[in-house]
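Paired with chain B in one complex and with chain C in the other, chain A is shared by the two complexes that follow.
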Partner chain A sequence: MENRRIGLLYILPWLIGLVIFTIYPFVTSLILSFTNYNIINAPQFIGIQNYVNMFHDSTFWTSFTATLEYVVITVPLKLIFSLFIAFILNYKLKGINFYRTAYYIPSILGGNIAIAVLWKFVFANTGLVNQVLGVFGIKPVGWFSTGLGAIFTISALRVWEFGSTMVIFLAGLKDIPQELYEAAAVDGAGKIKTFFKVTIPLLTPIIFFNLVMQLIQAFQEFNGPYMITQGGPLYKTYLLPMMIYDNSFKFFNMGYGSAISWFLFIIIMIFTMFVFSSSKYWVFYSDEGGGES
Partner chain B sequence: MKKLVALALAAALGISTLLTGCGSSNNSTSQKNTNSSTKTSESQPAKQVTLRFSWWGDDTRHQATLNAIKLFEQKYPNIKIQAEYAGWDGYLDKQTTQMAGGTAADIMQINWNWLPLFSKDGNGFYDLNKLSSELGLDNYSKDILATGTVNGKLNGIPVAMTGRVLYVNKTMYDKYGATIPKTWDDLINDASKFPNGSYPIVTGSYDSWLLSMTYAEQETGKPFLTTDGKLNFTQDDIKTALSFYKTLLDKKVTTPIQSIAAEGGNGLAPIAQLPSFLNGKFAGLFEWTSAISKEATPIKQNNMELVTAGLPMNSDAKTSAAILKPSMLFAINKDCKYPKEAATFLNFILNDPQGVEAMGTNRGIPVSKAALDTLKKDGKISGLEYEGLQILESKPGLPLSPYLEDPKLQQVYDQTIDKISYNQETVDQAAKEMYTNLQNVLSQITK
Partner chain C sequence: MNNETAFNNINLRMDKGYRKREFRRKVNLAIRYAILTIGAIIMLYPIVWLVGASFKTNSEIFSSISFIPKKIDFTPYVKGWITGTQYTFATYYLNTFKYVIPKVIFTVVSSVLTAYGFSRFDFPFKKPLFAILISTMFLPQIVLRIPLYLFWKQLHLLDTFIPLYANDIFAAEAFFVFMIIQFMRGIPKELDEAAKIDGCNSFTILTRILLPVITPAIVSVTIFQFMWSMNDFMGPLIYISTVSKYPVSIALKMAMDATSGNFEWNKIIAMSVIALIPSIVVFFSAQKYFVEGISTSGLKG
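Let's look at the complex of A and B:
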């Protein structure tokens, strides 16, 4: 009994945070999504009108499509890239600790104004990327002025922040027993075959974890579109979180903003549930006896 | 058990010190207040008053304002001004939350288009007409005060005016033998003299709409929006504006939105920061007079000269359609406990030579006659901003609607302009869609 109380006391700060910063906004936003609320005046209950408006709002559908495109491009790119880097950093190289730290830096920098300026220099029509392409005789690409190009620039920002996924992959790679590689080598498997037949299957729980986390993060992406493209061109990078922000804090249409938030929440839930339910077909846990023996 | 007791005691101690921490500091300040008020009541009758003053701006503005506050507190030792300042980004969010929660400052710097947001009926702010002698309102013309008046109540005193004027890069215009445009036809003719990839002007989505709207207002003699937020343009008038924009694009007078985007211009950073503007390839812009001085500096550093072209008008124009509005206003909280003292402060920074000199021109060229005289004597009134304002004031336009800059309407302008520039829609389609969208948004925001 005493232990319980002490335990409770220890987690009290976290509990208070949970209630104030998670549960309260969660419930409030659900209630607000059924109201017309501009912060200045008291909320007015309007039933499901916000949700009805949402489905008739062409900007919303453009935004939703852009969000899906962004997720589909970003998540696989980021997973492949961070796995690739983790794979390299798993070798015993000279000064490996330095590289491991250095590769984590972009994740710390995250999305800020300096990065937004940097991105402009990299992807502007006379920027770094186009100059490099020019060396190979490729005509300059309008990264910010075409829909797909602009989506790519904000995806690149996310992919560039590969540090934490990379570290988790690295831990997973270190966990794979060395004997399996030795056995594969004895059986005459090449490097590529070993990678796909040993490394990847044993890494699936980690891939699964990273996939779920990245999926959720990607749906919630705000910094990139807000700072780099402002949703342009033609709303092709106007992701749902930015639309939520604009409606809530620029147009002061809190009710509508909350309704879109709840739509986004449900979409994320559906995707996550889909990944979870599919996991039994492709995720192998070595202690189930699927891998060894 | 001992441990638990010790822990509980420690926690209780922590909490109680926290509580007493707040409480005692409150006590001490209130003691101080009573002390000083008793003291002052002996020497001078004025009561010790603390007022909160909030504004947005950059570092130079912060510094100048803090200096002015210091001078004010020396002159009026019974009034303390508590400064609350921040940058522009996210300022409206903060202001809205404070207005809604009743915690807004006593004296506030507000934006002109916030008047319909916070004070639709004129009761959102203190009626400054009641304080006309303390505020020195005789320093302002009737027209100027009218811009801060809602429903007969003076909600805010305009600090400075700002308007849209065409500024061009004279160095580049001279280089290509183009004339500084006086009419829209001049501007369109100039375009043929510029080489491929260079443009006489650069206009972002919002600039493009304001420019085209100005043209259509000149042609029709009608304001786009009424002051109470109704759409006054017909679909045909909108088409006039959008066709003009299309002409500017087709004749390569202004840069397509694509070229601006390709350089990383996203509407967040000023268009004057685009590399092609800085190197003179985009040789002009339709800019707020309040923003131009700062933007001209890098052009000068690149050994080029930005000059005021003014507001182009064709000979058959029915009005100048000049866009001129208060760049910002000072308002007093409707629940302010000491409105007289607040007015004394405003009078000091707006009209008193000492305050005016400290404040300088970083909020724009002041509209107060007293302030203008003081700064003119100091030789601080000149340059692109002043030239632009003089042109706009010499050609009064139509009454400007405070709804013009509503963010939701801006989204409609931007969407329409972008669709034309990206060739997604013809002018006819765009005009039709814009007309419907404007009606929808206006019905929402004027509700």
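Let's look at the complex of A and C:
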């Protein structure tokens, strides 16, 4: 059949790219993680030595803890904010476009390095946040001088960018059939009960999607710690991607960098797998909607 | 007579119920607006403040909450545009576009072709290949960084713009492919069949029949890829090492590093505003595509 070959022809560029830019580097980084490689000399096979060193490296543990803190703070907060605002916006409001834009803009601009610069000024000792706190009689906070403050600062940047997840939730809310709300009202369910018994269950596929995406992205955060806190104070915001960057592209310790990359990859997989395998207990696919895709 | 009073009674009760509901609706609306407005102010104030601060004097930046400068002063912009280096911002912008534009074009072309293959044809191993396509969307890219760097080093292409866009020649960003697949699936296949009878081959079906219909999806891909590549920081940070080739993002980082000693804050802030301008312009001119694009692609997974 001629037709069967034509389809392959169209996806051929993607297939070639998959091999060169995904499969090859994926396998290579695993191999490199078992070597000692400083770019100048040829890679030297050293078995699991990089991983052994990693588990004895106190900086690695601080970095790993900071990464977990960052993910545990940002992912739920981002999902809660975006769901909350989407829920309020999902109502016949005048000026809805203005509000949607206002909440959406930070998620589009937030990745720009200029926003990281802005964040430094906003959280500086005499910066905007401390000035606002001063108005309420609160003493200035040294955001960058404590581990907790610094983690909060870079987390705030990610949470501030909740607009894109909010738009996805908003589209999901619009897809919920009006009859279901009417049926709930007939059954005498109040607002809050309807929210938890109708809205949330029907949104679970979207919550699931957003949760997985946000987890994967949060674990790979680089710009915030690199530009805003420089990993400080005392490595308290030295997230794993920054440690990978330093080891690979500053110290040219490619083997060690690959080992940390693979550790991070496995951690992300564990979290993702956990969400996937738990999904059968909390994600509901309605029969009508499931036919698509 | 009796009938009439009964009727009036009902009318009165309905009226009372109606007014009560109407009152509650208004309270509900007021609460929604209050929350939304306070939230929107918190969300937007940092950006508004940034623009205001770019006109302020250095001492005023750290002494006033208000975004309105006491006196509008353009010197931060002039200084910022010149930068501290031998190049102006014009050079850095030119460098940025040298990889952003190819990246956008390659992404659109290769993603459309791949999406067309997957959504309109049957071929061996289609299902597993599609599953691989989707799973690359979830693959943490960080694990690929080091080997790709070594790959470009071997080809002696470090410190060129090629590593920043070459993967997009091969539809490497599955998100965009998926976005177009979703859009193409919504177009009835009868359209293709009719064109085939009229003598179109598979490629002309794509260019003459499908392309005009999927334009909104193409616009979405274009503006998303534009924004994301403007924002890309780690890519140029790893690959570009000569100052004359720096894009805006790295130039800004360099200015930030250089300024930590001599307190020219307003200059840095003005540079940040300059760095944000293209993204802001594109966002406002193509707003509806952003919202549509993200909801179709994100949702129908």
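Keep this in mind: the second predicted complex is superposed on the first by the 277 of 293 C-alpha atoms of A that agree within 3 Å, B and C clash if a C-alpha of one lies under 4 Å from a C-alpha of the other, contacts with A are read in each partner's own complex, and residues count from 1 in each chain.
Everything below uses one rule, namely that a residue touches a chain if its C-beta (ideal position, glycine included) is under 8 Å from a C-beta of that chain, and two chains touch if they have at least 3 such contacts.
Please read these numbers as outputs of a predicted model, since none were measured by experiment.
Participant: Check chain A with both chain B and chain C modelled on it and let me know: fit or clash.
Facilitator: These partners clash in the superposed model.
Participant: Thinking of the overlay built on chain A, is A:108 touched by chain B (first), by chain C (second), by both, or by neither?
Facilitator: second
Participant: After the superposition on A, what does A:142 contact: first (chain B), second (chain C), both or neither?
Facilitator: Only chain B; A:142 stays clear of chain C.
Participant: A:170 contacts which: chain B (first), chain C (second), both, neither?
Facilitator: Once the two structures are laid over each other on A, A:170 reaches chain C alone.
Participant: Have a look at where A:252 lands relative to chain B and chain C in the superposition and call it first, second, both or neither.
Facilitator: Touch partner of A:252: chain B, not chain C.
Participant: Contact-wise, after the overlay, does A:274 reach chain B, chain C, both or neither (first, second, both, neither)?
Facilitator: Touch partners of A:274: none, neither chain B nor chain C.
Participant: Does the superposition put A:227 against chain B (first), chain C (second), both, or neither?
Facilitator: Touch partners of A:227: chain B and chain C.
Participant: Looking at the overlay, does A:40 come into contact with chain B only (first), chain C only (second), both, or neither?
Facilitator: In the superposed model, A:40 contacts chain B only, not chain C.
Participant: Of the partners chain B and chain C, which touch A:126 in the superposed model: first, second, both, neither?
Facilitator: Both chain B and chain C are touched by A:126.
Participant: Any idea whether chain B or chain C touches more of chain A?
Facilitator: Per-residue touch count on chain A favours C.
Participant: On the A-aligned overlay, A:9 touches which partner chain: chain B = first, chain C = second, or both, or neither?
Facilitator: The answer is both, since A:9 touches chain B and chain C.
Participant: After fitting the two complexes on their shared chain A, where does chain C collide with chain B, if the options are 76-84, 112-120 or 256-264?
Facilitator: The superposed arrangement places chain C into chain B at 256-264.
Participant: Could you tell me which stretches of chain A are touched by chain B in one complex and by chain C in the other?
Facilitator: Residues 5-6, 9, 39, 119-121, 124, 126-127, 227, 249 of chain A touch both chain B and chain C.
Participant: List the residues on chain A that touch chain C in their complex, please.
Facilitator: These residues of chain A touch chain C: 3-11, 13-18, 20-22, 24-26, 28-29, 32, 39, 85, 88-89, 91, 93, 98-106, 108-109, 111-115, 117-122, 124, 126-128, 131-132, 135, 160, 164, 167-168, 170-172, 175, 206, 209-210, 212-213, 216, 219-220, 222-223, 227, 241, 244-245, 248-249, 254, 257-258, 261-262, 264-265, 268, 272, 292-293.
Participant: Could you list, by residue number, the parts of chain B that touch chain A in their complex?
Facilitator: Answer in residue numbers: 1, 3-4, 7, 11, 93, 96-97, 99-100, 117-118, 257-259, 261-264, 266-268, 275, 407-408, 411, 415, 418-419, 422, 424.
Participant: Residues of chain A touching chain B in their complex?
Facilitator: Counting only chain A, the residues touching chain B are 2, 5-6, 9, 39-40, 59, 119-121, 123-127, 142-145, 150, 227-230, 232-235, 246, 249-252.
Participant: Would you tell me which residues of chain C are touching chain A in their complex?
Facilitator: 29, 32-33, 35-36, 39-40, 43-47, 49-50, 53, 61-65, 110, 113-114, 116-118, 120-124, 126, 129, 132-133, 136, 138-151, 153, 166-167, 169-172, 177, 182, 185, 202, 227-228, 230-231, 233-234, 237-238, 249, 252-253, 256, 265, 268-269, 271-273, 275-276, 279-280, 283, 287, 290-291, 294-296, 298-301
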